[in-house]
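Two complexes are shown next, each including chain A; its partner changes from chain B in the first to chain C in the second.
Showing the complex of A and B:
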């Protein structure tokens, strides 16, 4: 948006007067308008835009008839699928199946897969190379955990798809990010596309993807890429813009070409920020594990689903924590690689120059050779596996039998006093009034363009007949986001003060972010029954992670000199917190709020599984009816809600930046 | 049987393609057992078999393009719409019934009979005291009935209205949630009335009964005049449904021998119920259970593959 600062109110009137002028008619419409203008509350059926039908017709055309002359659209996508499939097969063979001749049950094994010992040692060596002994131990422990709990086979299948999806996501995201950094028009064009990629629930476009890319791991990788790539693009663009101008001037002075400038100057100096993007790609890819397993990717996600359908909480938890272990290992490795300075190159022959690589290869060869003689070296023996067995199921049973009534009372209190009234209130609002109010807020904080955009998006939600479900969505996500912020902010404030606490909190929020919510959703159903309350718990558990993360990020980034200055002026600790630190961290906290909303919206499809009646359920129904149009329309409505929230908060954050004198735009 | 023998005579594994036949695996035990049985029989016939994990409904995208070949359990009661849409394209073929019948109905644990003595007759549910016994804070004084996911259909909202039952229908989002609620209530011996289907491990694990509604007939769903409520349809129980085998239409030409074997495959509810119980409650693996069935039933499956 061109104008970052707030538009002043009409001349001569105080700022709140404008709000009053808009609020009053909206309130009047809400209170007394229903008989006079029913169309402002329920969009008339006759006016509904048949977008679902159009989209369905379009996808049919794309799948069956679209052609570029020499080849059809579907042939193109199948070719892309083949390109992705090739590396995936190699990695999968290496880690899980071994190299085979032939297919299916008649296939003959040529070489076995890497032995578990070799995989663990290789990753530990990678850790040693990138971050030293502590990291090596952590990584080895993560993988050993997977082996000990009998998840090795599934984990390797999941790891294979992650190892293919992440580099593709990082490379693709970076390429788009560099383009967006170079060309302003591209940046403008791609931003809404990124928003849609991140906010339309995956289920909404799953059916077309399956047709285009074929059923199986490849389609899962494509779906993962669509979902996990956008943060990389955003971060790349942002990071390249943030490189200090002195550095790029220096590059120009020494006569760098455009390419040298990018790869030798800009990218290395933005490396730390870029790694945040890589981290997000890894985390989001692991988030997709459950959905990917539904379309033939198998692996840990499938184990989680199957275990919970048997109500075997222990097995679900074990598979779920194996995903977390993978996430932690991959994340810490990528972080370490990022901060690892380039030491002086080792001298000597190729053996001496690459001691870690050589050690790893030697281990792999030795383990393979010994594995032929001693089977436990090749594959982790079943006799050594641990399992929590029925322990977790019994824990849930114990809580259920002893505390259900208490929990039920708490739940009913929340439902009757908070959830239900808020839901009724939102359901009764006229779309016209909401559109006007939000558009006004957009105009005040970001100019007339933002106002128009918001008005159009809100009206479109109503015009496609999604208003009621959209309001239920807003109600569920709104309450969850509020609770997540109420929990996340204080924890973030505490964690920002103490590095020790922060390291523990980080483990917990990483776990919450990568542990498939299905794992705790089903025990929650046992204790709280199906319905909105259970859905709210799942959303809060997932969305609290960014609320904490960004609060800490913001508070830690506050210039210590300002805090010192505050102390010198005799501020109390409470004053320093509220007057200086929280105020200065406001832009980051608002970004955290933004991400909390995005995370909450992305949980909608999962919460559809416990019987909510919102847009997520609509997407889910469309999937089961194989109706791409219906799914995408509902998915787009989710995306519109996300975009409205994002733009308003973004504009608000910029205004805050402007007021605090932190410098202008963040984009 | 003569049709079977004929089919078997015409099938010879030799002319089948050597490519693997891709059978889909879903996330419930019964389906895993059915699929593994079929896979093992096809392997005995010399076919090449591959198992692919796929979502129950999303798999049709793969079956239409031939990325996937055979789905062994498509329930009349839950998959009909998706199956019809797929077969209408001509790219998916119905390979006939599996022999198992899907039973779906309102179900309650046995201990609820004390509080509502008229059960399993549905008219007992009309008694307000009985309905209240099934209520929760949110639904009181009405009873609470936990229906299946919205996507399963089932016409429970209509049934409650047509039969004038003092119950409120709450929809679970997924069947895992359905059974989580049952497990929770059963542990506490608390009231619950919910949608249960068979073949499944739940009726084996929990003691209980299905409510006996007026028996389903097609007229009941189509003709309002039928049944106790002259103005509304759905005044009866849920239909029994076949469980179908479906697959890619190209299977017939690519693997003619396997095609006949798949069409011939049948198994019944009792056998399946026993195998599911063995796996889900007695801790055996699907592998062990299916091997045992293959060993014990040679006389049945050998004719399917012309041996």
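Showing the complex of A and C:
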């Protein structure tokens, strides 16, 4: 990466002089340029690149006419669908529907699905094997929670799609990662694709996927795979590169073939790091649960979505918490498997060597047999279910009845004094001036390449006719990020000082992050109804977690010797905080800001449900109209905004690191 | 102390003329188009010229030969190119120029498949940081080279158990590497490298990562093993005392080139450069110099005999009774010269 400190300012002038030189013409253009150069404000219609139309036409062509000689594109998508569909059917039958003969209402059940008792016991046994009694209890409690709150059926549907998506995602991600590890050119080629896959909002590719695979669980799994695979690829490549060179030397010295080298030496040695990737795939797959339900995945995601549409806060919250319970169980299980210490290998026959597997199979068989006689063993009886849904709905109702005027006043205050003026200001900016300013900032912090990249991306947003919507996006995200940072920084500072507070805060932000983002929307909608303010609240709630987390990490990471030195020099606590700790934690805090922006952008499309007018809305409309071009172009515009913000902040963090002499590349 | 290294050396001396591994003019430069640059520089390939071309000279024009059954130690400080050299010898790294002959066969001409066969059956290597596979037990690690070759489970595990017993780890077969101490881990590494019965045994700083006391213990263990196994050994170290203690012959490397090679005795008695002298200064000469190096022509009576390859520090014992002269005998027991009390005293005094 370019060394930021190496870029000199114009000779003989202070560094800010360059800024002045760029700012003045931009300000002049903004204030007086409108009559002289209207094209600098609104991209002329005639120049617009019809990218949306091209992409739509291209997808149509792919679907109808494209052929690779031996097979057509459509046959390829059908093949992929088949590969996903077959295991999905089996797992779904096992967990949820049972194996059926025949179709629809005439179907006859051959075998029932696994009983809830068997599923809980099996997962608890897995926990016992991987992490001991504590983990087994936690996992059992999570699943029991799901059963008690009546979410079992939906949860099993969700679990089925996760159980299919995760192995496919892990295998695919690993295959790509191994290729990238073996061939530098492949690694170089795939890196920008991975960047894009992670920054493009999921909704943008939901549309093309819907187009290619049709509505249904298969399309949902494909979308989940695209979303969850990139980190696995990155982790695999990194983990394989981090295997000590001595181990690969060993592999070659004992005469391993290429395959033996990979599977006997490299992969086992990188196992712990790879399991981190598996964990990521699981968590990201769970993140996708609700979004995937928009294109046909059933289960918990669908329940949340349906509850949101009914504005049934309580039901949505319960389904949302069921997703969290599933996430907690799977997260802890995969983490425990990663660090599992090994005892001496068990000896004896296959029965004695796999006691947990055997116990699980016995439980499944026994539960199935007993289930024929005693129905409550087979499926959790409705009479034992609890629901807090109505309670939560009542709470919201009560608040609305009693505090309506206060809430409304707060909302209007923010709207009139903050949101609307800022929106007007941004909407009035000329795209040319913004592009020039951002490009200059890029050049200053990361060299001419970064400057050019940013100029190109900003111009492209304007050129595809999305400038206005992009500015609304920036306005909504910008305000939300600012508020999230304003809340997150002080909390982070407090939490960094007290381990006890931090342990509490951590639990809360972990939950905030695993809770499906839709859940934030519901109370906000209940209290403030639809609109920008509601969207802002939801985004802030979702994006505050990284702001806190990175602040704490940064402050805790400050070398204690420097703090001691400050204290020895007689600094007050306040001085130590502002002069030493915050200054040294700046790179980390900047990365936190970066993450906050990414989180905010990823919430955009979801907030489109409450009637914002930004790029998210554009994607959402494209989804309902099944217009792949429109959705993808708007999605790419969001990705461009994300890339510009990401690169600028990264370069800034890098420069800050350089100045502080902390060295090392950013994470 | 276990059996003295000198005794081991004396015993293998007879077969020491057959050359197992030979390097001829071996170069390794790191960087783009290293081969072209080296050819264009020709005889003017100095460190400066290579660096000016943007390359890193790791090994420069190394020629050496390792005789069958000897312990050949390559000694150098970090960055001297010794680890690169040992990887060139096993062709884990491709040399930029030069020839490497293994029992007369040019390794650089060998196909990948032939190299795999040679490494599988005829070479073994011990690594500085042990390079144990974390997911396998001690037994699994030691059996790993055999598993790779496709040896049946029963056969490879039996062989592995023998090797584990040989290095004194019997009973720990089911432990995982992380449960072992550093010294134990390296015993596993040694057992693993011996499992295929290699002709040529590379040890890349095998004891450098261990505490001094354990290191000493492992050196003794190594000497014991070699007295049983009689392998041809290339041993890499940065510790000159270790080199002196173990070596039949030593090559000292600096900046990728060999500064001097010879027996410990030759290095100590006649250091070729100031660089070598810095290492040898602190070595007590009496512990390195052998009887046949300081003996004079046999003349008159002698009290007792001493083997030609005995170091002076050990031979000194014979003079305790007041003898002035001791006879020096070769392997066949013939007297080949006399060792005088004055010479021994001078060496013992550090002269």
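In the analysis below, the second predicted complex is superposed on the first by the 524 of 667 C-alpha atoms of A that agree within 3 Å, B and C clash if a C-alpha of one lies under 4 Å from a C-alpha of the other, contacts with A are read in each partner's own complex, and residues count from 1 in each chain.
Operating definition for what follows: a contact is a pair of C-beta atoms (placed from the backbone, for glycine too) under 8 Å apart; a residue touches a chain by one contact, two chains touch by 3 or more.
None of the values given here were measured: they were computed from a predicted structure.
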Touching partner for A:247 - first (chain B), second (chain C), both, neither: second
Contacts of A:611 with chain B and chain C, given as first, second, both or neither: first
Chain B versus chain C as contact partner of A:115, first or second or both or neither: neither
Partner chain in contact with A:311 - chain B first, chain C second, else both or neither: first
Greater chain A contact set [chain C / chain B]: B
Chain B versus chain C as contact partner of A:256, first or second or both or neither: second
Chain B and chain C footprints on chain A, overlapping residues: none
Chain B-facing residues of chain A, complex: 102-106, 206-207, 210-211, 214-216, 293-298, 302, 305-306, 308-311, 397, 400-401, 404, 408, 412, 415, 518, 521-523, 525-527, 529-531, 607-612, 617, 620-621, 623-626
Residue ranges of chain C in contact with chain A within the complex: 87, 90, 92, 116-117, 119-121, 123-125, 127-131, 133-137, 144-145, 147-149, 174-176, 178, 196, 202
Touching residues (chain side chain A, partner chain C) in the complex: 244, 246-247, 249-250, 252-257, 260, 264-265, 268-269, 271, 341-342, 344-345
Chain B residues within the chain A interface of the complex: 18-22, 27-29, 39, 43, 48-50, 52-55, 57-62, 64-65, 67-68, 81-82, 85-86, 136-138, 146, 149-151, 170-177, 179-181, 183-184, 187-188, 190, 201, 280
